[in-house]
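Next up: some structures, all given as structure tokens.
What follows is subunit A paired twice: with subunit B in the first complex and subunit C in the second.
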Partner chain A sequence: MRRVLAVLAGLLTFAVLWEGYKAVGSPDGTVLFGVRILPRADDLSMPHLLTVLRRLGRPELAGGDPVWLVVLRACLFTLGITAAGFAAGALVGLLLAVAMQRFRIVERGLLPYVVLSQTVPLVALAPLVAGWGGSIMPPWATVAVIAAYLAFFPIAVGMLRGLQSPPAAGVELLRSYAAGWWRTLVKLRFPASLPYLFPALRLAGAAAVVGAVVGEISTGTRGGIGRLIIEYSREATSDPAKVYTAMLGAALLGLLVAGAVSLLEMPLMRHRRHVEVATL
Partner chain B sequence: MPRNRIIAAVAAASVLVLTACGTADTPTATAPSGALLPVKLQLQWFYQAQFAGYIAAVDQGFYRAQGLDVTLLEGGVDIVPQTVLAQGKADYAVAWVPKALASREQGAGITDVGQIFARSGTYQVAWKTSGISTAADLKGKKVGNWGFGNEFELFAGMTKAGLNPGKDVTLVQQQFDMQALLKKEIDAAQAMSYNEYAQLLEAKNPATGKLYTADDFSIIDWKTQGSSMLQDAVWANTAKLGDPAYQQQTVKFLTATIQGWAFCRDNAEKCRDLVVAKGSKLGKSHQLWQMNEVNKLIWPAAGGIGVVDGAAWQQTVEISQTTRNQTGDTVLKKAPEGLAYTNDYINQAIDRAKAAGVDVNGAGFQPATVTLTEGGA
Partner chain C sequence: MSAVEIKSVVKVFNQGRADEVLALSDVDLTVGVGEFVSLIGPSGCGKSTLLRLIADLIPATTGTVTVAGKPAGQARREQAYGLAFQQAGLFEWRTVRRNVELPLELRGIGRAERRARAEEMLALVGLAEFAGHYPGQLSGGMQQRVAIARALAVQPPLLLMDEPFGALDEMTRERLQSELLSICAKTGTSTVFVTHSISEAVFLSDRVVVMSARPGRITAAIEVGLPSRDEAARQSPAFFDRITEVRRALRGAPLASEATN
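Presenting the complex of A and B:
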């Protein structure tokens, strides 16, 4: 209950800030020494929130579906891509972490490349992956690949830290019981890694959303919210509120995914200590 | 029991994934192609009237009648059509000539086999009250440009008018909407006649509460300034052009493409509907405007649609080699080598289209007057 109230309070604060700035901010923004330090507050740059909400109710095109329905459908489509990318990324990340924990040499050899993988710009990656669409996989799956590519990283790194987290005493105890690697992994390392896994999953969830949205924009895959953002932003000249409806959808998608990840966490983490973990 | 919880969590996660995947599947209607030859055409952007001729040729069965099963591939922000073509992921691609020539110089083996747009649709738009009506008037003004190789007509135009683009004007990187001009952040904005210019006329003037009209703006049309460059053309794979089967396929493809564009010249509204039915998010009046403007770039085609005009080609290549943008780069370092363009296939296609009774010149083409509505709806 308190959480719901907190969310509502957050939304209200945002609305007040937005409309408040519109009321007091200069329509031309504030420019200091040729650098714009405050954005323009005119209707073209910052439409009233009410205008955006009204736009949600009006048809997208004359005689078409209302915008909220189009945005919702696009969100669901992208949610599917995000989930597929998230699942694939989580699996790959998990396997990599286990392999790196098991073999020191794999960790030494692979970890730098895992880190390096995230410095490859999406602009370079996207056209390559987009070419697979239609031939070896459906076009939406190429976007899921991009999402997975961003999502696997926090899980691989976080999970590795988690698997390495049991104290030496615990590892030695299991060894004294003559427990093999697999048993130690299942009985000790996995449970110990959970507090590290969930923050990593949250990061991965966010990364998967970003990957899916950017991947759609990049490859032009139709149906999702990323594509909708770019299509609506072309109409920003004459219909500025429309752009914000798509952005609202993207924000909603982020919240949905974050919520879904916390749901995963609940049954597993009820009795465990929460620790502050920085995965990087 | 922690194990049960783990299983429950995994089950919940997989259900989530599975249901979500279900919505991601789009029904792909692939008709049995029979003896049809599969052909992929890579477009430059999302479906819009700029590509209406190809869309119509698919919809009206012109390609099918030539024995081709053509799939149109939409573009995206990071999709470079000529690269997709050179990598063999498409059989043909639609691309602007200067950009495709730049890719050729970097090793892409592609050839212009059909110059569908004979004219350029690039404008520089300013407020009428600003007094800007020629390239020379841009001196001392804030000039918006898109960059990424879309800016060379503007730079050539300014150079021709005696300005030094690097010194005499303030260059501003422009977004792909026209807000900067409307907010008067810049004095003149780059615009395509068939897209961004229409967006201006679909926007409401807050002072009057009505839409802006053509009287509010002045246009510098690079066609009239001698600095225009060739734009949308059909590109083919140069190496594959040595193969007689691909040559035949190219002629067939171009024949049906000509039919498609001729159809859209004579049935602009029907083509508008086809584009809208393809799921374009741009409104109906905007698409009709675009269809009409695109038709103006093609028709009338004195030498026949798609034939590369040597003089226009030369002008494009010259500007590509000599005009420098703000970073001092030219599009091309040297003249294009090898088979950069050929009229062999388009001429055969024109003969075939003529034999089938298609008007390939459109001498009597009259552009329509399109009224834009707010937001292009």
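Presenting the complex of A and C:
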């Protein structure tokens, strides 16, 4: 109940800030020494929230489906890609973390490259993936690969920390039970890593959404919310509310993925302490 | 056959490197079946190292460690001992019962028998009604009792304990000492017990083994032989005499009854 209220309060605060700034801000923005420090508050740059909501109900083009339906369909398409990329990224991240835990030499050799992988600009990488993958898989799969490429990283790093989190006494206890590496992994390291895994999954979920949206745009894949954002932004001068409907859809997608991780987390983490995790 | 036999064991850490440490030098120790032996000494005297050698958590550099007539490694694989540390080290994601079941699980014992055995052990340490709780819901003393129940779960002939009561308050500590003694008496378990506390060592043990640091070695072994081990024993002159004896041995003063082994 309190959480629901908190969410509503957050939405309300955002709406008040948006409309409040629109009411007091200069329509041309505030420019200081030739640098715009506050954005334009005119209807073109910041449409009223009500306008955006109304736009959702009206047809996309004259006589077409209403915008909310188009956005929803695009969201579902991108959700599929995000889920595929997220699952693949989680699997790869998990395997990498286990390999790095098992062999110190793998950790030493691989971890720098895992970090390096995230410094490559996505926009440069996406056309490459589309080029290589285009011949062997459908366009949505190449976008999923890009999403997975972003999603595996927080999981690999967070999970590695989690697998290494049991104290020496716990590891020795398992050794005293004559448990080998695999059983130590299953009985001790995996359960001990859960408090590290879930924050990592949440980051990975957000990264997968970003990867899917950016991947759609840079590979030119049709049907998803990323594509829709690009299409609608071309109409931004004539129909400024429209592009915000697509952005709303992308934001909802992120919330949906975060919510799914929370649903997974709740039953598993009931009796667990929570740890602070920074994966970068 | 003795429960533990240690013959001329030497342990060197980081051998051949600049930070080489001689942790144990030429240690001999025999623990009889059903005997309760305490290892006492200043920090860094190698008493924990000695315990971990018996547990085969680390290998001896030279010398042999025999547990129940078998090499230490084989004894470990056969779970011939139970282990308890200063930190209870319970798995927070398992209920108390499932924590006690852990060593049984790894032995491949069936669910029903595991459950029965765990409940029996929990009854032994007086925590039967807490079987469904999680470790985070228990006090430190209760957690330590769960850890002892876990160590006893496979009904090992030997119990190895490294300052198991070190983090507890004095009252809890004394109560658990009495409980441990009655459990050991009931089950006939031999025990090697590492401690910092002289009174704890004297109260619990048949024999107190005094160690000194740099290099770690055994300097004295004191037979305690208290007539009884109840609250009255804690007040008896014999108890205080033994405490004085152990204290002197720790300080390195020569003593008539000092028998180095």
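Criterion: the second predicted complex is superposed on the first by the 277 of 280 C-alpha atoms of A that agree within 3 Å, B and C clash if a C-alpha of one lies under 4 Å from a C-alpha of the other, contacts with A are read in each partner's own complex, and residues count from 1 in each chain.
Here, contacts are C-beta pairs under 8 Å (C-beta built on N, C-alpha and C of every residue); 3 or more make two chains touch, one makes a residue touch a chain.
Since the structure is predicted, the reported quantities are computational estimates derived from the model, not experimental observations.
*Asks:* Taking subunit A as the common reference, can subunit B and subunit C both be placed on it without clashing, or not? Answer clash or fit.
*Replies:* Taken together on subunit A, subunit C would fit alongside subunit B, as the superposition shows.
*Asks:* Between subunit B (first) and subunit C (second), which, if any, makes contact with A:G220: first, second, both or neither?
*Replies:* A:G220 contacts subunit B only, not subunit C.
*Asks:* In the overlaid three-chain picture, which partner chain does A:Y232 touch, first (subunit B) or second (subunit C), both, or neither?
*Replies:* first
*Asks:* Can A:L188 be said to touch subunit B (first), subunit C (second), both, or neither?
*Replies:* The answer is second: A:L188 touches subunit C but not subunit B.
*Asks:* Once the shared chain is lined up, is A:G34 touching subunit B (first), subunit C (second), both, or neither of them?
*Replies:* neither
*Asks:* Counting residues of subunit A touched by each partner, does subunit B or subunit C come out ahead?
*Replies:* Tallying touched residues of subunit A, the top partner is B.
*Asks:* Once chain A of both complexes is superposed, is A:A83 in touch with subunit B (first), subunit C (second), both, or neither?
*Replies:* A:A83 sits against subunit B, while subunit C stays out of touch.
*Asks:* How many degrees, to the nearest 10, separate the directions from subunit A's C-alpha centre towards those of subunit B and subunit C?
*Replies:* 150
*Asks:* Tell me which partner A:P167 touches in the superposition: subunit B (first), subunit C (second), both or neither.
*Replies:* In the superposition, A:P167 contacts subunit C only.
*Asks:* Look at A:S176 in the shared chain and tell me whether it touches subunit B only, subunit C only, both, or neither; answer first, second, both or neither.
*Replies:* After superposition on chain A, A:S176 lies in contact with subunit C alone.
*Asks:* Tell me, in angstrom, the smallest C-alpha to C-alpha distance between subunit B and subunit C in the overlaid model?
*Replies:* Value for subunit B versus subunit C, nearest C-alpha atoms: 8 Å.
*Asks:* Could you list which residues of subunit A make contact with subunit B in one structure and with subunit C in the other?
*Replies:* Residues 191, which sit in both footprints.
*Asks:* Residues of subunit A touching subunit C in their complex?
*Replies:* Residue positions touching the partner: 167, 169-170, 172-179, 183, 187-188, 191-192, 194, 271-273.
*Asks:* Which bits of subunit B are touching subunit A when the two form their complex?
*Replies:* It comes out as residues 2, 5-6, 8-9, 12-14, 16-17, 20-26, 28, 45-46, 71, 73-80, 83-84, 87, 89, 176-179, 182-183, 196, 199-200, 202-204, 206, 276, 279, 281-284, 373-377.
*Asks:* Please output the residues of subunit A touching subunit B within their complex, sorted ascending.
*Replies:* Answer in residue numbers: 28, 40, 42-45, 60-62, 76-77, 79-84, 86-87, 123, 126-127, 130-131, 134-135, 138, 140, 144, 191, 217-223, 227-228, 230-240, 242, 260, 263-264, 267-268.
*Asks:* Going by the contact rule at the top, pick out the subunit C residues touching subunit A in the complex.
*Replies:* Contacts found on subunit C: 52, 55, 57, 76-79, 81, 83, 85, 87, 89, 91-94, 102-103, 105-107, 134, 136.
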